[in-house]
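Right after this note come the structures.
You will see two complexes here that share chain A, one where it goes with chain B and one where it goes with chain C.
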Partner chain A sequence: MASIQLSTVAADSGSTAKRTKGMGVLFWASSVWIGLILLAAVFGDLLPLKDANRINPADKLLPIFSDGYILGTDQLGRDILSRLVQGAQVSVFISVVTVTVGILVGGLIGTTTGFFGGRSERLVMAIVNVMLSFPALVLLLGVVAMVGASLKVITLVFCVLAIPGYIRFARASTLVLMKREWVLASRMIGATNRRLILRVLMPDVLTTLITFGLLALGGVIVAEGTIAFLGFGIPPPQATWGSMIAEGKSALDESLNLALVSAGAMFFTILSLNLIGDGLRRKYQHRDAQL
Partner chain B sequence: MHRLHRWTALLLAFALFTAACTSGGDEDSATDGPTTSADIGEAEVEAAPDESGLEIQRGGEVTIGIVAESTGWYPPSAETAFSAGFLVLDALYDRWYHQTGTGELIPVLAAARATPNDDATEWTMTIREGVTFHDGTDLNADAAVGMVEQWLAGPFGSSSSIDFAEAMDEFTVRYVLKDADPAFEETLAGNASGAVFSPTAGRAFGLDDSAENPIGTGPFMFESWTRDSEMVVVRNPNYWRSAPDGGTLPYLDRIRFRVLSDADARRASFAAGDLDLATQGGPEGLQDLIDDGAIAYEYIGNGAGLNVYNTFEPPFDDVRIRRAASHALNPESANALSAANLSGINVTRTQYFNSESKWYDEDAGAEYATYDLAAAQALAQEYVNDPERSDGKAVGDPVTFTYDCNTDPINRDRAQLFVQEWGDIGFEVDIVTTEQASFVTKIVGSASEPLFAGDFQVACWADGNSQDPLQLFRTRYVDGQVLNWTNFHSPEIDAQISELRSNLDFETRKAAAAEISRITAEQMPVSWWASGSTVVITKPTVHGLETYTYPDGGGSERLSGGRVWWPEVWIDGAEPLDDIPTGYIEIPDVPDEPEEEDEPTEDANAIPSNPDVEAAMPAPPAGLTLGNTDPALSVLCPDISFLGDIVPISNTNQQFVGDPTLGPRVNIHIYELAEGEADEIIGRYDQATVDCADFSSVLESSGAQLELGYVTRDLGTWGDESHSYGVAGTADGFGIDTDIVLIKTGTNLALVTSLHILSPPDGLIVGPATGAAAILDGLG
Partner chain C sequence: MPRLIASKLVELVVVLFVVTLLSFLLLSIVPGNPELQILGENATPESVAELREELGLDDPLPARYARWLGDVLQGDLGRSNRLNQNVTDTLKDKIPVTLELAFLAIFFGVLLAIPLGILSAWRAGGATDRLVTAISFGVLSLPSFLLAIGLLIIFAVQLKWLPAAPAWVPFTEAPLQNLKNVILPVSAMALGEVAVLTRVLRSDMIETLQSDFIRAARAKGMTNRYILFRHALPGSLMSMLTLIGLQVAGAMTGALVIEQIFGLPGIGTMLIIAISTRDLVLVQGTVLVIAASYVVVNFVVDLSYQLADPRLRRG
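== the complex of A and B ==
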């Protein structure tokens, strides 16, 4: 272990300047794409786009670059570009809320239980293990079947499903951090538990969780896409990328672009998130290693 | 057990629903029981290839991809009624009659048309001679009687229209019905109800195992079945029919039915050559295959998609909203979403029967709310501005409701279009999609109160077939029926149903059916989409799909609903297979002699009616009409014997149909009758979830020894005190359900009366006191 770490340090220390300058073309391209998606999601309603839900059977399944429809139309004659933007809003909302809630709630619970240990830790971890071992899709479909699918319900279920993972991750980080010098030092100078958790441990735990969360964003988008594809997602006419792929699949014989455009948007978004997450992780890992 | 019955009811509904919930979706046209869907304008449908010059080859096997299968293949078990399963049943079973697309009945296993008695309560049928079942037993009158017994013992026995059957001679059977049924022969032509199965095998295997051991007289015999995967049938070497050329039938040696529920997967399998035939819910994606040489047989059936409005639920309890919602929908837009069929025929429906049906009435649809935005807007505005509007909202508030549908992609697309069109006239609509099984439960409702009301406002659905109007309307538009999804019913419709039931004359019956079609066109409990189509696609090497020679000559027509005449299908280059059985299928020994059981059943059914009491029954109060007559207690619970000296007033329940918002009740309460005391309920019998075992056990556990004290009872206490035994009632204590007096001594039971008054209109209090007193006088 030690030798690997040493060699990493050695390799990295020689090229610090190059590394910060060159996060890589892919990283920046990804950042631009994610930026675009974010902008589209936040300001989508202000853009001069067609009504994403207006059905127009006469114009159904138009190809890409058709007159008035840059990305063509879907099987109901709706503008694919408008729906892509509407779908981006859903994806961004669900993934950002889920990950944020996961990081904050899961991080706090995980750090606290890891810090105190003992019986409460065993209890929390038992619950976490039970929740992690429960098939998420089944729970999700069950809840949707009972209370009906809506953006709020699905987001809520995603949050509940996401939290245990963050608890476990935060607890593991906490256990490692607790042995570090500055934590021990803070303890010795008499910091209160509250201060230790919130001011000493949490900032470091959060950094780790955020890089993890960046990767998880993609997972949430895929998960939403999966249930939408299965037909249990947010009810129509609300567009989501998953439901657009599902609709595109049925129309595959007649038109490729509905499935391709929506699947492509999802693909590039997740790829970008992974690339960005990777880049950031590499950066933080190095900083950590240099400590 | 109660639950079981609810499920069978649901299964029945599901069977009817299956399809087309998708009109253009995946399955065959919705059918149940005696049904044959007429093919609209056969001539307009893409013509079949001319096969007249080809030389027929015998042998070989084909594989067909089907949408779904049944949970069993034994006709008396309800699960067999799933529509995709009919394709399999067609290979295994012949029917007594075949009903053509125009409604004509062709004798198949019957030797001739059946003859009714004067009031159509009894039908006599002669049976074709020289036919044997796959188990080697003979088809004769005893077998026909045995079949009826098996049906009555099965899960759907209680809904059978047959009371009992008896053999007149070796090849003549007489069916005695529970009620007059001028269209009884259609039951004998039904997909499941008309399927002729071996009662010997049915008894030998028992109800459960029979599902996996189907024994009929059909062209193919059962070989193997891997549930949800593959059903295999082989040539019946002893098939009773011979080919037009004098040789043996069927031509094929083996058929494999492969279950592929996903339409895309089925199409892909066909394209890859794994399937010789495939059934498809519509023409989507088939053009490439047709271009590659595949042959498409299209069936534009009578089944169609529709929106059902729940008339119990505001705002759809108001006809203005039902009409507005229907006027708002443009069929052109819906049709543009998916081509309805290969031939481009889009028939917009206005009534249950399509234009080819003999029951279709040109004028009846004139009142139908066709696409008319201005009318829709006017009606919607009128409702919105009505201070008395039924949804309780303030004047000017928009109408809001939810549209329920399953998760089928084409239905979701259509739902979104409807929501947009409704939005254009100011309705705010949410779409709720639910997976199929839960969806059906939601729409059908349950056996609790209000009976089968369903939990929806408006929903996508599928219905329509060419059943006799009596069979159809008494289940669709009579209060409290499982299949009355809309909960719509009216005294006028009930009156016409009585006409349909009591007349044999076609013109009179047609006028009654037309009147019901007119009333429903005016009241709009449902609004129709265009008729859908199903397609059977075949390799070019498969022939004879629509050749069907009737047993007595003539024939050759396309079968409905994406089904295939199996006996005369053949393939190019066929070679006889060498593993085809040459004998009969062996069945286990029959455990009991069935003959013994016959007599008590008949005795129990032979309930005499008491003319004195009947005369004493109160006439329907003004404004109310006589409702349906449900299966008699004696039929539902044949184990219970009735007291000899107390003659039940009738063996049916009597219902007066009233206000639709108050819901139906069909209860029988069993009271211990004692003078001067409050009645103690010792048993309660709820017909909607009838279960005779429970019923009997309630009687047993009560342990009551009852006196014949009925004369001392005042049954006429109504008003505030009545709620103790008037189960249904309005908030102010007004009872809307009279009591039924059952008198029990030991295990004997007498049904004294079964008067139900669901709800008198306008707060009119019907006087059961006088009614009951008169009845009891009559008994005395």
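== the complex of A and C ==
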């Protein structure tokens, strides 16, 4: 995900005219798609859908728009739409929890260490650097191999892996913010350290982290999808997008439908998150430049 | 300069120490009895006792770690009971496959990204630029395993041009066959690289093309081609080179997934088989080797980058 942020900063500088047009069709289309995914995940259990785990040997590998199965069925005759909704619940849960925990815990640790500085800062940053120089996927696979996969284990490991990045980010913005006038002013009128960290610095740090977090959501969905695709995600019969894509891949010779639909769901979700993040970043940068 | 290298080396040693510690601890977080997991449910009490003795499970943790680390440093990663083979020997067979994939992916990634980046920066905002930018944005939203499946569907299932699950032949035995077999996996890995690198090169190029020395070169009447390749390109390569370094380390873990999809016998496929069969010693050794090489590659890249750019040395 970091690569996306590196890009196009210079490229935007020339097109002021374009920016004033508002957020554009793609941005709103993406927002609608993400809204749908969120609604499906939150209210999935209330929707009048077929049981996602009911096996139906007579109806296996039906194509899209089949009678009774809008998106078709998988090898076991299970309804793809219901399973996509079930998978969306997993993706949304893991990504939202991971990013929220990352923002809050990482934000608090990063702001505090940046604020106080000194030896504790050096220690925390050393730990952060060590953690960031690890290949996360391998570590995750290792833990899953040893402990066994479940929603809890995977979410926990994701959170632990996510926090260092946010610490580094929060510390960097704290160091910048500490030189700004309103922070200096609060200091001068005698605000306590606690107040400075929680009420003066944190709100601003969190705003920066949220933009970063939006882009990170897609990264978490991909990571969870990869784990599930490799067969080490939440065990069956629970549907996840990654496991559906893996099932679709093994059914490629008989039907493309399952692979295309499940891969499409994941692709459009990540694309939408990237487009929203990109749109917000442009707007945000624009406002910053005007100040 | 020596101080920089020294402090970086200390950092490397610390990270490597943590890598070995975590890999070691992997075996100790296994719930239940690791010896039963290693030997299987039908283990006799004698063989369990023998294995406990061999692994030194009755010793305190630090002592076990010290002995294990001593073995690792001598190239002994333990023995896989399921394969009945030394982990080191097993890995030696698999590493070349993964390295070939990673190397080819980076190579073709760079090869395509340079012309695409130049092309879209040259007429920034034009039709070609918008097309390249839109496509690379789309590709960036495709995780490599989705790309791999897309390529499989198009070239192996629909067009039947290339094999979906090729039998592996080493490059040294049949170079052409080997290359034909890795076209799809390498493309799946390289396309993502192309997208990232093109975007970075493009934005750096746009910045360089606006600088004064380019204007001066234009004023002197130099040809466009000369300006682009001799002046603008070398000045715009820095971010791309850094990123290539990061991608080298990333490509090694990226190969894990891609190998599995195409059934190539690399280190990733082996890790996945080891996890599925709960071959814990093999998992431990593989995780250690992948993580350590990742860290070392990152270290080399980081250091050479800092040596190349004097501005960074102070930081």
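Here is the rule we go by: the second predicted complex is superposed on the first by the 269 of 291 C-alpha atoms of A that agree within 3 Å, B and C clash if a C-alpha of one lies under 4 Å from a C-alpha of the other, contacts with A are read in each partner's own complex, and residues count from 1 in each chain.
As a working rule, contacts are C-beta pairs under 8 Å (C-beta built on N, C-alpha and C of every residue); 3 or more make two chains touch, one makes a residue touch a chain.
Model, not experiment: these values are computed from the prediction.
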Partners on chain A (chain B, chain C) - clash or fit: clash
Partner chain in contact with A:135 - chain B first, chain C second, else both or neither: second
Chain B versus chain C as contact partner of A:231, first or second or both or neither: both
Contacts of A:58 with chain B and chain C, given as first, second, both or neither: first
Comparing the two partners chain B and chain C, which touches a greater set of residues in chain A: C
Touching partner for A:145 - first (chain B), second (chain C), both, neither: both
Which of chain B and chain C A:76 touches, first, second, both or neither: first
Which of chain B and chain C A:247 touches, first, second, both or neither: first
Chain B versus chain C as contact partner of A:206, first or second or both or neither: neither
Touching partner for A:222 - first (chain B), second (chain C), both, neither: second
Overlapping contact positions on chain A, where the chain C interface meets the chain B interface: 145, 148, 231-232, 249, 253
Chain C-touching residues of chain A, taken from the complex the two chains share: 3-4, 6-11, 14-15, 126, 129-130, 133-135, 137-139, 141-148, 218, 222, 225-226, 229-232, 245, 248-249, 252-253, 256, 259-260, 263, 266-267, 270-271, 274-275, 278
Chain A-facing residues of chain C, complex: 11, 14-15, 18-19, 22-23, 26-27, 29-31, 124-125, 133, 137-138, 140-143, 145-146, 149-150, 152-153, 157, 164, 196, 199-200, 202-204, 206-207, 239, 243, 249, 252-253, 256-257, 260-261, 271-272, 274-276, 278, 280, 283-284, 287, 290-291, 294-295, 298
Interface residues, chain B side, partner chain A - complex: 264, 284-285, 288, 333, 336-337, 407, 409-410, 412-413, 415-417, 419-420, 430-435, 438
Touching residues on chain A, where the partner in the complex is chain B: 53-55, 57-58, 60, 75-76, 145, 148-149, 231-232, 235-237, 246-247, 249-250, 253
